[in-house]
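Two complexes, one shared chain (chain A), two partners (chain B, chain C).
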Partner chain A sequence: MEQFWAIAITIIAASTPLLIAAIGELVVERSGVLNLGVEGMMIVGAVAGFGATYVTGSYALGMLASMAAGSAMSMLFGFLTLTLLANQVATGLAITLLGIGLSSLLGQDLVGQPIAPLPNFHGINILIVFSFVLVGMVSWFLFRTRLGLKVRAVGDNHTSAHAMGFSVVGLRYACVAFGGACAGLAGGYLAIADTPQWVENMTAGRGWIALALVVFATWLPKRVVLGAYIFGTISILSFVVQTMALNLPSQLLSCTPYLVTIVALVVISRNKRVLRANTPACLGQAFVADR
Partner chain B sequence: MKKLLISAAVAALALGGTSAHSADKLKACFVYLGAIGDMGWTYQHNVGVEQVKKELGDKVETVFVENVPEADAAGPIERLARDGCKIIFTTSFGFMEPTLQVAAKYPKVMFEHATGFKAGPNVSTYNAKFYQARYVEGVVAAKMSKTGTAGYIVSFPIPEVVMGINSFMLGAQSVNPNFKVKIVWANTWFDPGKEGDAAKVLFSQGADIIAQHTDSAAAITVAEQQGKLGFGQSSDQIKFGPHAQLTAAVDNWGPYYVRRIKEMLDGSYKSNVQVWDGMAEGTVAMAPFTNMPDDVKALAQKTFDDIKSGKLEPFTGPLTKQDGTTIGDKGKALAAGDILGMNWYVKGIDDKLPQ
Partner chain C sequence: MLLSLEKRPERSGRMALLSPLLAIALTLIFGAAVFALRGVDPLHGLYVYFVEPLTDEWAREKLIVKATPLVLMAAGLSISYQANVWNIGAAGQLQMGALFAGLVPVFFTQWQDPSAMVVMLLMGVLGGFLWASIPAFLRVKFNANEILTSLMLVYVADLVFDWLVRGSLRDPKGFNFPKSVNFAGWQTLPSWGDVHLGAALALIAALGLGFMSYRMLKGFELFTLGAAPRAGRFAGFSKDKAVYFCFGLSGALAGLAGACDVMGVGHQLQTPYSTPSYGFVAIIVAFLGRLNPVGAIVAGLLLALTFLGGEAAQTALHIPDKIAKVFQGVLLFFVLACDTLVYYRIKWETRK
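Up next is the complex of A and B:
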């Protein structure tokens, strides 16, 4: 039983950063903006969160710092794509590269410095709890509030939304900032709670996984939770399988989280009507007000 | 016409001037797989480079390139060769083919490839007998483990990794013949999250000591959090595991780098050699033995001294392979070729080696 609980906790800890980053990106994409810079925002959040915690000793400040850093990166993205109307895909990739490089630069003096991990209750820490609250909040916001409806409208048809009087660019900026904060917090989680240290490139591609999860989950929060947890579960189980010496090739086991998550989400998303209803039709398109 | 002659003379002078200037300092370049901030493999190489700068700083200019992916290494290596590097050290197994490719194009530049096994007219390989340190770690693990099981997090099934596992197991078996090692292949040299997860899984499956052949300090951090024990990797990671780290194998590349560059400077450099230094030459060192009772510390120190002096060789025949066959003559060390090409497990390891 203890073993089961230990594995369960490890799964939850592995899935949480993916979940937080993906939920933030979900809101961004629902508003019609394709932000490929999640990895860059995540890693900047990691270095900022670690740095703040290391310097001040306060985890709260660390988490705030990681959210602020993520938001700042995403605001740069927002300015380039929403105001200057740069190509969203290219800008997102550039932000990722910038984030990785910037975090390495800023984190140079932090390497090798240990901090105590986030206090937890039998392995459950506050960020894990918060991740579920976050999903609930985003779900309620998008589907049960007027503002959420406006966000979805902007993502589906920004011309009509603009004609209705909604501030397309304003709403998008807000969503981008939120997405950045979430990605930053996910990075902060890695550096403060999961493996409390700063090492260059410590996010190791998790931002990309979160990005993919949003798409495969057809922009629905509950499916994002499912996707993140399937991925986390299979990742951890592939290690457990290895320790049982069943002689399955480890390279194959390494593929399984990706394969299983993709298959699971594709199977779930078979309903074409639901698919059409939830895909933000204006994803990635720049908005220029005609009138 | 006069103008042309004058400008040509100035150009020649300038070019002649620059090349004369660059002949003053030997340019030695280093290609790193990861970042100096990995606190492990690459960090230790850089520590070696710092020693070069300290001892030979007035005669040598050092340049390094970090985060070079193994798949795209040929570009950065070639750029270094073009930029006037006289000796280039490529510090990862995966740089083998790119190094040989670029070396063929630049026969006047000397290349040194770490942990590889292919040399060439202007390519040498250098390696360290890390497996010697693994043997000591195995001895300590078997002494300190209450469950008789250690967890071992590894990257890819290359001979260097396999010989490490085998040496660890042999060391452990010398204390406890029934010692068990649970192996997890992370399929990456560096991913702190994944390494940490692997460590958590291993601890939950009955291991209470962790060893690794991956590059971050995540596993020892997890060991510290869970009150378990572990070994640091490549560098002393005691800061991450003050109560968890027993010792660490420390890669001490400084003496080798200084030696080779000095040879370049005084003209005695010979290429196309395959160097395999170990504890005796000081290339493999161990972090202070901590978090263990004095008798274990004494045993560990004795084992270390015996290996260093040559009295004890971990791979001494006859060794029984996992499939039951034996290799090696009684009382004699295994041939270097057999060790460098090791692709089999010793008996007692339950894993199946990925091919």
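Up next is the complex of A and C:
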């Protein structure tokens, strides 16, 4: 029983950052913006969160710093894609490349420094609880509030939304900032609760997996929970298999999360009808108001 | 004051040439600011970073060596991105190319004539091509997002490479170091100083693809499918074929870059292997070259300079060489921002 609980806790710990990052990106994509910079915002959030916690000793300040750093990166993305109408795919990649460079430069003096992990109750810390609250709030916001309806309208048909007097660019900026804060917090979780250390490139592709999760969840918040926990479970189970000494090469087991991501994308994407039902129709398209 | 954009009546040719230069100028200003913040005289900092590495012969050779894989990859990526096909897994394709090429010396160490060199280069091409075909196949058959699948395969390629080089490809006489036998003789590329044959291949590939892009029907087809997919369909161009073509081409070139790297620079397979990270820098090269394969030559040299400058800054100015990655990221930002000027005019509105 105790061993079972230990494994369950590691699964939850592995799923939480995916869940937080993916739910933020879901809101961004619902507003019609494709921000591929999740990985970059996460890694900057990780270094900012770790740095702030290390210097001030306050976890609350660490989490705030994570969110602020992620948001700041996302505002760069927003300025380029929403104001200057740059290509969203390319700009997202730029965020990721810049984020990886910036974090390794800023974090140089933090490598190897220890902090105590975020306090927890039998392995459950406040961010794990918060991740579920966040999903509930996002779900309620998108489907039960007037503002959420506006966000979805902007994502599905920005021309009509504009004609109805909604501020397309303003709403998108807000969603992008929210997504950035979530990605930053997910990175902060890795650095102050999960590891807890600053290691260069410590996100190891989790930002990209979060992006795939949004597709896997067909842009529905509740399915993001399901997806994140499936991913968390599979990646942890591959380690469990490893420790049971089945003599499989560790590198091949470490491939599992990436291969599972590919398989999940294939399974969901081949069913075009399911995708079309929920994909924001304006996803990735630039909006120019022709007054 | 509010910033707003006004669409130009037509694409500005002047801005198309000016925007990369403007982006470089802005990056230099950013660089000067970073140096100033670090307490280094900005002009001296810029000189050490961007000029000094070009002043001696040895460094100029290193510049070409570093630019070689960047140009090879960026030439293929430029074509892909023009066609709106997003291969961002060149890093993994490079690594597979290196791995495939390395199979020859590992299993046929005695094979020593010019054909061995040609076969190794072709193996590299094959490795990259096959690895890139996976996301293309998944896109065409299952509609799976190629950005995410090609990226995931970068991690998989790295782990497979690590597994094989530590395992079955390891040099039995190598004191247990995670590396293969040394490549020698005809299993390496002929070189002049540090510059190896790969540089010539990169030049040929970039010029050849430039010709295809602007003078052949295939280039027009890919360009149309990227810029106006509907028009492309009416013209009878197939998007599926374009996906296979772009991934195959850019993957093959990335594989060739990997083969050239292990045959011309490393002379062995070794893990951890650092060159694949150039696959991401090649994305910046492609955009700085305005998605023109010929432009990738100049852009590749410039990005190679950022690596050398980073090393110089570390030794001469005691600024960590990670600054190179920041400059590269910032450069891509400015490139994308300045590209707006090609189609739009910036207006400052004083009153709303």
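What to note about this one:
Just so we're on the same page, the second predicted complex is superposed on the first by the 259 of 291 C-alpha atoms of A that agree within 3 Å, B and C clash if a C-alpha of one lies under 4 Å from a C-alpha of the other, contacts with A are read in each partner's own complex, and residues count from 1 in each chain.
As a convention for this text, a residue touches a chain if its C-beta (ideal position, glycine included) is under 8 Å from a C-beta of that chain, and two chains touch if they have at least 3 such contacts.
Please read these numbers as outputs of a predicted model, since none were measured by experiment.
Looking at the shared chain after the overlay, A:L97 reaches chain C, while chain B stays out of its contact range.
Looking at the shared chain after the overlay, A:M75 reaches neither chain B nor chain C. In the superposition on chain A, contact is made by A:L259 with chain C only, not with chain B. In the superposition on chain A, A:Q113 makes contact with chain B only, while chain C stays out of contact range. By the touch criterion defined above, A:L211 lies against chain C but remains apart from chain B after alignment on the C-alpha atoms of chain A.
Of the two partner chains placed around the shared chain by superposition, chain B is the only one that A:L190 touches, whereas chain C remains out of contact. In the superposed pair of complexes, A:P249 makes contact with chain B and with chain C alike. By the document's definition of touching, neither partner reaches A:L226: not chain B, not chain C. Once the two complexes are overlaid on the shared chain, A:T83 sits against chain C while remaining clear of chain B. The contact surfaces that chain B and chain C form on chain A in the two complexes overlap at residues 104, 108, 204, 249, 251, 254. Those residues of chain C whose C-beta lies close enough to touch chain A in the complex are 3, 5, 7, 81, 86, 88, 138, 141-145, 147-149, 151-153, 155-156, 159-160, 162-163, 166-167, 280, 283-284, 287, 320, 322-330, 332-333, 336-337, 339-340, 344. Chain A makes touch with chain B in their complex at residues 3, 6-7, 9-10, 13-14, 17, 104, 107-108, 111-114, 117, 190, 194-204, 206, 235-236, 239-240, 242-245, 247, 249-251, 253-254. Residues 34-39, 43, 67, 151, 182-185, 187-188, 190-198, 200-205, 207, 216-218, 221-222, 225, 239-240, 350-352, 354 of chain B are the ones touching chain A in the complex. Touching chain C in their complex are the following residues of chain A: 36, 76, 80, 83-87, 89-91, 93-94, 97-102, 104-105, 108, 204-205, 208, 211-212, 215, 249, 251-252, 254-255, 258-259, 261-262, 265-266, 269-270, 272, 275, 288.
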